[in-house]
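Each of the two complexes below includes chain A, the first together with chain B, the second together with chain C.
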Partner chain A sequence: MGFKHKDIIALRDLTKEEILLLLDTAENMREINSRDIKKVPTLRGKTIINLFYEASTRTRTSFEIAAKRLSADAVNISPSTSSATKGETLLDTAKNLMAMKPDIIVMRHAISGAHYFLAKRLPCSIINAGDGAHEHPSQGLLDMLTMRDRFGKLDGLKVAIVGDVTHSRVARSNIQGLTKMGSQVFLAGPPTMIPTGAEKLGNVTVCNSMNEAIDGADVVMMLRIQLERQGKTLLPTLKEYSRYYGLNPENLKLAKKDAMVMHPGPINRGVELSSYVADGDQSHVMKQVENGVAVRMAMLYHVSGGELTAE
Partner chain B sequence: MGDGTTVILDENGTKRALTRIAHEILERNKGVSDLVLVGIRTGGVHIARELALRLEEIEGESVAVGEVDITLYRDDIKGHASHLPVGKTDIPFSLEGKKVVLVDDVLYTGRTIRAAMDAVMDHGRPDSIQLAVLIDRGHRELPIRADFVGRNVPTSQKEIIQVQFNDESRPVDVLLQK
Partner chain C sequence: MSLLIKNGRVIDPLQNIDDTLDILVERGKVKDVAKGLSAPDSAEIIDAKGCYVTPGLVDMHVHLRDPGLEYKEDIVTGTRAAAAGGFTSVACMPNTSPVNDNKTVTSYIVAKAKAEGCVNVFPVGAITKGSKGESLAEMGELKEAGCVAVSDDGHPVANTELMRRALEYAKGMGIMLISHAEEKSLVGEGVMNEGFVATELGLKGIPWAAEDVATARDVYLAEFTNSPLHIAHVSTQGALRIIRNAKARGVRVTCETAPHYFTLTDDAVRGYETNAKMNPPLRSTADQEAVKAALKDGTIDAIATDHAPHHLDEKDIEFNLALNGIIGLETSLPLSLKLVEEKVLTLPALIEKMSVNPSKILGIDRGSLKPGSAADITIIDPKAAWTVSADTLASKSKNSPWLGETMKGAAAYTIVAGKVVYKRG
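== the complex of A and B ==
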């Protein structure tokens, strides 16, 4: 099957087969990242703009490396250097960028829906690198790839997602992706951080406690407390949060013996994860980062399209 | 067999052609020292494995076989449509100082071979690259020719050459469809 989408904005828009295609492509792209010459000519001559209205280190760098490994020209624009600081609207910024003929815009924006807005108006491909509390599809895909590496499948896995689910685009993409692939998702977090109606998202169970969610889990995915945002208003204290919703060697024993520990980063050490767990044998955090490049290469490759005349 | 389909090589003919190519490879390279085979996915990989079996039968020494997927090296990506799935490249040995025999089932425009050579060179710098194909059907668009050919088959561009493999990925026959 082929990939027919011009844009990738949310995993909720993709079918199970399309997600599988992206994961399979990423798996084969990994070979390039292990070579001495980490470059293929696939997107030679294509221009990719990384338009990041919010701070990012790993996602932006990962997209930039992915673009360069496929031989595309990648340009980075961050909020402090863009005309957004002078009051220019998103559409005006995008139209001006379009005049420079990019093929793909990879965008992070604080407003959910900003990507759909641009995708309807611009001829180039739009890839969502995070939009508000909506979705973060590349993170969802790299998480799924990391889980599939470990278990060889996604179907039937018990995945616990713990923390600020309400404001987590990572959680939303994972819920969309994982439930489509047949995993069971268990959510836990302070009641102020669990969205109402979360059960309606698919094969999702909202638990009363963290222990209930991670009991017998194959994967424990910890979410970052966004200290710069709602972390200050929705929590009494970080110490209390850590006591009830932090992962440590004791409560990790409730999960399956070799359960995977995942975190989208950056980690607030001692809050979501104890250092012992973050650096322990069960942590797959660095593997997630490594898989991020391959997944983003797969996304850029498939949205760039191409009619191929088979020889 | 449907109308308009001709058997170019039957099973025995295919075996004989591959055996002859194996002898020619040995003759040209004076044995299997520093020789490796790299098959172009997917038909070329099957043919490369067949050649490796024959080389081992004749020389008593095994020859390493790698596989290369050329999807990411194609020169015909255009517009917005669906992409071909990316296959796996697996060359689990160093190419430095090696004599590489690139193997494909059918040689046509030469663009696949050009892409495969680029892919091989990205994995290292071999001493030389030679090309072995089961069928050469002509219509080259690039200055590329095979060193070892099982059968030259003059075709029109409307015709289709199909190398058929059994469930164990061994070649069964070669068909020409008009």
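== the complex of A and C ==
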């Protein structure tokens, strides 16, 4: 089965089979990453532009490494926010970049849907590295891959997602992906951070408390609190947040005995996760990062028209 | 110069007429409405067989963008769009540049409309100076210069005490106050209706409570001051419930909605469609149903377009950055005629909401075909099928969510003071 999309913007747009294909490809890519010489010629001669309107060293580096391991030429561009206010529109910038003939633009942008805007107008492939509060598909895929590594499947898993769901693109991609794969998702967080209609996002249950969400969970996924976003109205204090919505060794006992703990990083230690949990046996945070490169290689590979050869 | 309109289905709610009749127009006024009229040899004759002949449609809420923002629209193109849509009169909101908060701007609009416009233009002045919500505009002078109402449309009057005084003062001047009911602190950085679609798209939501809370405040102030109040572009079931209750206890409140609120829901935003971005935002199916029910039971008095032209660059952009609003003058009639097809309104009731009531609310001498009244007449071809296209829209701007869609029903003729200002085809 080939991958039919020019772009990867949201897991909402992909079928279960397409998501599986990306996960399977990522598993194959992981083999490359364990070699001595971690490079294959698959995308030789292809030009990839990492266009990051929001700073994110982790995601950008992960995409950059992914590109290089496939022998593509990767260029990083971080337009200063000031150039946007100077009057150059996103479309202008993109047209200028197009003149340089890239094959793929990997973009992060603060505005939800900005990628659709570009993808409609540019011939090259667009990969979403995070758009506003919409989606972060590579993160969703790497999270799912990490869960599948641990359980061998995604179907029937109970996944608790805790924190600021309203502003979380990670949560949206995970919800879209996981519910397609047959997992059950339980959301918890202060009601100021649970978006209207969240229960309609698929097989999702909105819980009244964190304990309810993590009770019997296979996976506890903690979301990052973005301090700059909370203003004065969504939360009283971080202290209170961590008391009611932070994961610590005590409440983690409510989850399945060897439940996975996940976090998209960077962690606010002592807020979303106590350090005991973040660095504990159940934490899969580093495996998430490791899987990130493989997943991004798979995404680059498939939008370039790659076909996964039969085993 | 006389004009005879023959064989049309004449609908004049004020005279309780719905019958196949002829209309004779002489010297810009309606001379007679009866069966089998004959005209002098020199008369122009229009055969309106199969068409509806109605008092000229009145759109009480448009943005003509003139003066100052003529790159979006001006009085010439805006009134042409109005005529093409079957409107013989429009009331234009004051959020121009400069704001229409003084008689100089009003006089400019009146003079330019008279010289170059093809339909009647009734300016709406500002409630507060610069629409800044700080101090009252000179409403007496605005009225004298030709304003038919005051509104800070686009900006709610945030200060409740000032709103109270504005209602009292406008009453004293005998000028209608039109409220843009929106509680900004609840809107925040919202860009679409708060609900499932916003959640899925990751866009910041605007809660319906932002409209309801502001509507309640203004309705209670109107009740307290016993002043007339008109609420613009109502879009939520809550606001309609408040208005319905207020009307029942005798509060002097009227309201309007726009075709997009009974035709579309926030589902239209999917795909980050900027031509579905407006203020108030497109709401839920339940709100859409409530708007139709309120049209039916009379809670909503008028259909207005909130015609809001924007340049391509202001819409062909990331969703958050796109400006609010859509054009509406040329699509209002077919969209509203659908209400008749769906049995939400009878045809006469529709004409009330598109001509009679807006005229009454603004206190303008329009909305009737009584002999002696201005011969502002719309001849509607209910069967005309046409496709909304950027190439043929008369408005300077093309920001319509219906581009490419087929509409049924159109103005066949638009007649202002006995003169044909638009003829279809």
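Brief remarks follow.
Basically, the second predicted complex is superposed on the first by the 296 of 311 C-alpha atoms of A that agree within 3 Å, B and C clash if a C-alpha of one lies under 4 Å from a C-alpha of the other, contacts with A are read in each partner's own complex, and residues count from 1 in each chain.
In this text, contacts are C-beta pairs under 8 Å (C-beta built on N, C-alpha and C of every residue); 3 or more make two chains touch, one makes a residue touch a chain.
Since this is a predicted model, take the numbers as computed values, not measurements.
Between chain B and chain C, the partner in contact with more residues of chain A is B.
Shared-chain residue A:237: touches no atom of chain B or chain C. In the superposed pair of complexes, A:301 makes contact with chain B only, with no contact to chain C. In the superposition on chain A, A:28 contacts chain B only, with no contact to chain C. Contact with chain C, but none with chain B, is seen for A:172 once the two complexes are overlaid on the shared chain. Once the two complexes are overlaid on the shared chain, A:131 sits against chain C while remaining clear of chain B. By the touch criterion stated above, A:114 is placed in contact with chain C alone, chain B being left untouched.
Overlaid on A, the two complexes show chain B and chain C touching no common residue of chain A. Residues 12, 89-91, 109, 111-114, 116-117, 131-135, 166, 169, 172, 195-198, 200-201 of chain A are the ones touching chain C in the complex.
Taken together, the chain A residues at the contact with chain B in this complex read 1-4, 6, 21, 24-25, 28-29, 31-32, 35-37, 39-43, 70, 125, 298, 301-302, 304-311. Touching chain A in their complex are the following residues of chain B: 69, 72-74, 76-90, 108-109, 111-112, 118-119, 122-124. Residues 194-205, 207, 271-272, 313, 316-321 of chain C are the ones that touch chain A when the two sit in their complex.
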